[in-house]
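Same chain, two partners: chain A is paired with chain B first, then with chain C.
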Partner chain A sequence: MAQACCGPSVAVIQFPGGNCETETARALAAAGCQPEIFRWNRRPSELDAFEAMVIGGGFSYQDRVRAGVIAAHEPIGARLVELAHAGKPILGICNGAQILVEMGLVPGLSPDAVEMALAPNKMMRDGHVVRRDYYCIWTHLKLAAAPERCAWTRVFGPGAVIAMPLAHGEGRFTASDPGLFDTLAANDQIVWQYCDERGTVDDQFPITPNGSARAIAGLCNPAGNVLALMPHPERASWLRQVPQDLPGRYGAERRAAAGDFEALEGAGPSRGLFGSVVEEVRS
Partner chain B sequence: MSIAVELTVSLKIPDVTALTARRALQGPMGYGEVLGDLTRADWWRLTLDVATEEAALALGRELAEQTNVFVNPNKHVFRVALHAAGRDPRGGLTPVSVLTGFRDEAKAALALDALQGRLGYGQKVMGVELGTLWTFWLREADVDRAKELAATMTVTENRHSGLLANPHSMWWRHL
Partner chain C sequence: MAQKPALTARLFSVDQYADDEALAAALAGHGLGLTPFEARRVAELLGRNPTFTELHLFNAEWSEHCSYKSSKPTLKEFLPVTGPTVIQGPEEDAGILLLGDTGDGDRWGIVIAHESHNHPSQVLPTEGAATGIGGIVRDVDCMGADVIGVADPLRFGDPNGANRDRTRWIVGGVVDGIWQYGNALGVPNLGGDIVFDPCYDDNCLVNVVALGLVRESRIIHSRVPEEGRTEPYDLILVGKPTDDSGFGGAAFSSVVLDDDADEFNRGAVQVPDPFLKNVLLLHKANEAVRNAAFEAGVPVGMKDLGAAGIACCSSEICSSGGFGALIDLDRVPVALADMQAEVIACAETQERYIWAVPRTFSDTVLRIYNEDWSLPDIYEGARAAVIGEATVELRYTLLHHGEIVCDANIMDVTEGILYERAEEPRGWDEAEPELTFPANLGDVLLRLLASPNLASREPIYRFYDTEVQGAAVLRSGEADAGVIAPVPGTKFGVALSVDGNPRYGRISPYAGGATAVAEAIRNVSAVGATAVGMTDCLNFGNPEVPTAFWEFRDSVRGLSDAARSIEIKGQPGCPTPFVSGNVSLYNMSAAGNAIAPSPIVACIGVMDDYSRAVTVQLKAAGSALLLIGARRDELGGSDYYQVELDCHGAHVPSVDGAREMAQNEAVIDAISAGLVRASHDISGGGLLVSLAEMAMGGWCHGTLGASLDVSAVPFAGEPVPADRERVAKLFGETSGFVLEVDPANVAAVQALCAEKGAVCALVGQVTEAPTLTVTDGAAVLAQVAMSELVETWRGGLTAALA
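Let's turn to the complex of A and B:
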């Protein structure tokens, strides 16, 4: 795998049932990181050598009991919590986000408490349930927090609108205390929200494709170094990955690049997430 | 007259979900000394419009055996009873049964719709509820203490305790 010289070393943690680690490592390398796939049963202390960690997507432990919960209790989890508290950047993508929530790292207001859930999708429109469960679609996301708020958004401009696909059955951020989301909004922990191609945030289906509270797609911890993100940035890291019929800027760029190999191999809309951690570690 | 029966459906083959949950509880979560075993079944509560308990049990068995909604006979075994709990202690282990489920699940409503509609049972089937029945087999003779332990192992309140029900999206109760 091609790796950029001198970029931050990033452990891509692979649990049994994970299925996105290779492409996540490729996307990290394309952004200038030095990724290494790190199996969950290595000595947890070996993680200390890395400057950042990514838990990729998939179905850890076949989603037994519920998505992410078994992986969250593996011994490596305790080390991840310590490293998160020490300020190391950690990104959870899809199943990785579910694991971070079940670990209590996100939203992370009270130490170790599991304060929310990523519940089964329940797509809502005008007060009605219009669809449930697994869903796969390209979405647009709007940067809702200041770019410097989170280690994984530093290179984006304020209010940036990007696009990436999602594919999950349990991606609905929810909490038994609805007031939690006021606290998260006040803390600027709501990092990414689902929106249309023009950047208009809407918590209704189909813009918010899973019923997530406040149209939340990505949520960080109070310190901003840990991000739980449901869509898949590694699947939108090259322009060639963008569907030609995607509405808005990125679909137009993709159509304009048709037949231009160099342009197609250029950065996709969400490479900046991985580029941000390069900047974060340098700083 | 409405009478409810409880249908429990479990796997004939080893249940890897239950085995994985047991391993997590016994190992990294630290309940190895107290938790002897953990078993799991789908739990359906069927509210039926029948005259007697015997008729309710008979209709419950018919729904389990003949509709293909609840049971795949190639891989499942089932039991129909007025109350699903009531496992006897075995090998010095005290059984404690806990029900869990997702608050917004729709499978019960879909099953009811199928039974009342295309399967032709109409209002003979008045209601369907669904949960997951977990039975903890505990090295704890005191039943009240065993129930407390089971609750602790069930409800995910923090990173260290509770595996089976995240209270932000799920319900649970002792059965």
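Let's turn to the complex of A and C:
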């Protein structure tokens, strides 16, 4: 927290029905940002003063019509689109990711068009649907794009494998044109993919826990300043948040820290997303 | 008010009915559960025939649900409710237990409330379960607390029994209701439990527990503050516009369910709305009002609307402060035109609260809700509105369209009514069965792990958001209790467990109560937390049936004796207190099948250092496996008897307070000292199932195996035949723990146990090879591949519900 004085100011957008603003702001602060929870009905122009924005998780407007669509068309939504086009870093987490897709910012290939959807989970294995609906589980993610491709991944090493939990009912990136994903891959817009603890990407359940195309967990826009991410980095920003029995490196680190309060209150596997925006704004 | 309005002419003429039968029929015709005696009593208290609003008001206030008219004397007679860990006992909507010092002269309190939503969930599972959460989080919120967790103890019918289709529909619907409401609201699920038993075929149990975090100095009480004597206090209603949903809900909770009345009953179930609740509760509008009141130094009261809506809430918030109330129902924001006064007053529309604030502060409250948080813009008809005031005169007066529709002594309204019920003991005929040791032990273990009551709960808890708020330490499946670190930047840990075994209760209601307490305390001990208090939800049959009322009384005796004999660690002479609870009676079908006595206990454990909390999963090959607690001939009510012999037996696990304390305290001390790698209590399925679960790990991430030598397992009590002894050692559910300990630390753990007087024995090892091996000395009794155990256990519940 030593650098909190000079870290970037980040607006955490609070829509009615949002439910992660408090811990998202806390995680941003721990990474060195200066967060402020920004209520949706404030004057949109007040957003201009912030250096970055995060739209957190929740059920904005009760997922009326479909997840994210109402929030995307609020006056504050229009301002966010302008700021995104102006290059401000914007991260959408879970419902925030759904909102960014509904705004047309992600994947953002054709201006202002909604090109894809975050569809209801459909857990697939060997051609069979093994489960549907809401799912909450810890998962591993592999950095599929170059770290400098996206404003929210700069501090990670190439191919980094991190862990964080997801909890959603509609997290399956899908598009009516399957060719879209080839374009996104060619553009290096597929930023995070679901993988096992060794970093092996697999689009089948349980590694990809929602049926998402190409095992996509996070997608950025062509400019790389906007990231739509379904899992929750604010829930993996401290080592204490990692489950002890999680396979792989992070569970082992968590077990080794039993009784070590300082270590547990230190950085978790996903703090780097918030840390990246500190670097991004500074550079 | 210049001129007192006149009493409405719409009266119910109690005095025109000479005989009870005709009066009962007339009352029932109006959807009222009041007995003829009670209706006449209302008229007597008023000194005239009641208005319909008054009749509905007393109908709700005198329902079992609101008045505890059958249960209150028993609860007062037995349960311990005070002690050094109690900040607030069971006098309001929720109790408060001490977590620890804030470091700035204040204390952290853990708010806990526990309710049932059984009947609504039976007729409309999704809505019933969802409003169960909606109601319980309001109880915690209105104490001024942040809501930090929920848990659901669930009891369903036999998934393969006579009512299988309905049972499956109810299971699916209840789980949907829990996740749809809790996840959207933004409160993490901390656990819960599920038991299937044919006694719930016609009457599921959906209990719900909620926790909150509050600074002691910031507790808000459910009463008009004393300052109301010297300055005017407004009553502000906030939330969803009042409609006719849930009208009659309190009375509905207090009747025997009748299949033929399903359609009518559905109308008594409320409509949940987690979205509006989120805007009010989750670090949003209510918190803004609390902070504004605190900063302005304004004393306020707050209470949530539950049973009987505005009438119950407004009368109780005023009377508990020693005030009366004057309310104008025309000022209540409504969702429907032309609602009758009694519907506005008594409907149970969800997502509403009443604030009692000084009139000088009312505009601030209205601005926060209606402008800062734009309630009217985000939800049609939602808003905050002043609906009346607290009065020094102890009357409860409701106005509607310029007429008085209720005018009663407020103490008469809220004081309730009590009944002395007859009790008649019932016996238990079944004896212990003859036992031979099973020829294929491995198959027995697999059948147990596949059984609906022991199979992994993962297919269900993956629907629940355990991670929101970012404070999870141990989640569902990982350990015997859920643990969170609710105060960022501090070492405090809070553990929650819920327990209650209907099979023990069926054999002995007393044992059902005592074992629920002992197991709930044991489960928080198993993660390393010290139990500081409990809540109870007492689910029983019809109290007007003497044997059913005896079952209730006997269970409460069991709860009380166990709570008194298991003292708080480090607080000699202090029972583990009950700080809140709920009684749900009339749990039976129209066919007359009462449920098994089902007291369900939730226990709060506190950790000074959450970083020491341990999971059940085995961590290192070569570790020693220590059994804490000798085994006994106590297979009664066990899963072994149910799955293998289809019987109950008679010898339920005993609860000996001194033994429980010794075991629990030794385990807590060993965990706190960092001597324990994994820990699991022994409960359903006994020692062998506990060990299998440790090897698999709660989320089946285990990669190791384990060996167990039956000959090393200590057995206590009267000698029994060799076969019975071996079965009891492996499958008896006598209290105890299995600990995984580094061989270098075995002596230290044994010394801790010796110091406390707990039995501790080295019974096995953690093995590199992924098999579970049971031996008796040199003889191998079973050897099962871990992969086979995992597949069976993980798939058991899905298979049972397929």
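Odds and ends about this structure:
To be clear about the criterion, the second predicted complex is superposed on the first by the 280 of 283 C-alpha atoms of A that agree within 3 Å, B and C clash if a C-alpha of one lies under 4 Å from a C-alpha of the other, contacts with A are read in each partner's own complex, and residues count from 1 in each chain.
What we mean here is this: a contact is a pair of C-beta atoms (placed from the backbone, for glycine too) under 8 Å apart; a residue touches a chain by one contact, two chains touch by 3 or more.
What you see is a predicted model, and the numbers here were worked out from it, not measured in a lab.
In the overlay built on the shared chain, the residue A:Ala117 is in contact with chain B alone; chain C does not reach it.
Of the two partner chains, neither chain B nor chain C is touched by A:Thr200. Residue by residue along chain A, chain B and chain C are tallied for touches, and C comes out ahead. Of the two partner chains placed by superposition, only chain B is touched by A:His73; chain C is not. Legend: residue contacts after superposition of the two complexes on their common chain; A:Gln62 is shown touching both chain B and chain C. Residue contacts after overlaying the shared chain place A:Gly104 against chain B, while chain C stays out of touching range. Of the two partner chains placed around the shared chain by superposition, neither chain B nor chain C is touched by A:Ser45. Chain A residues in contact with chain B (one complex) as well as with chain C (other complex) are 61-62. Chain contact summary for the complex, chain A toward chain C: residues 14, 16-23, 26-27, 39, 41, 57-59, 61-63, 131, 133-137, 165, 167, 232, 234-235, 237-238, 240-241, 243-247, 251, 255, 257-261, 264-265. On the side of chain C, the complex with chain A involves touching residues 179, 183-186, 274-275, 278-279, 282-284, 372-374, 377-378, 459, 461-475, 478, 485, 488-489, 491, 609-612, 614-615, 617, 619, 674, 697-699, 701-702.
Residue ranges on chain B touching chain A, taken from their complex, read 16-17, 20-21, 24, 28-29, 102-106, 156-160, 163-164, 166-170. Of all residues in chain A, those touching chain B in their complex are 61-62, 64-66, 69-70, 72-75, 77, 81, 102-104, 112-120, 122, 129, 132, 172, 174-176.
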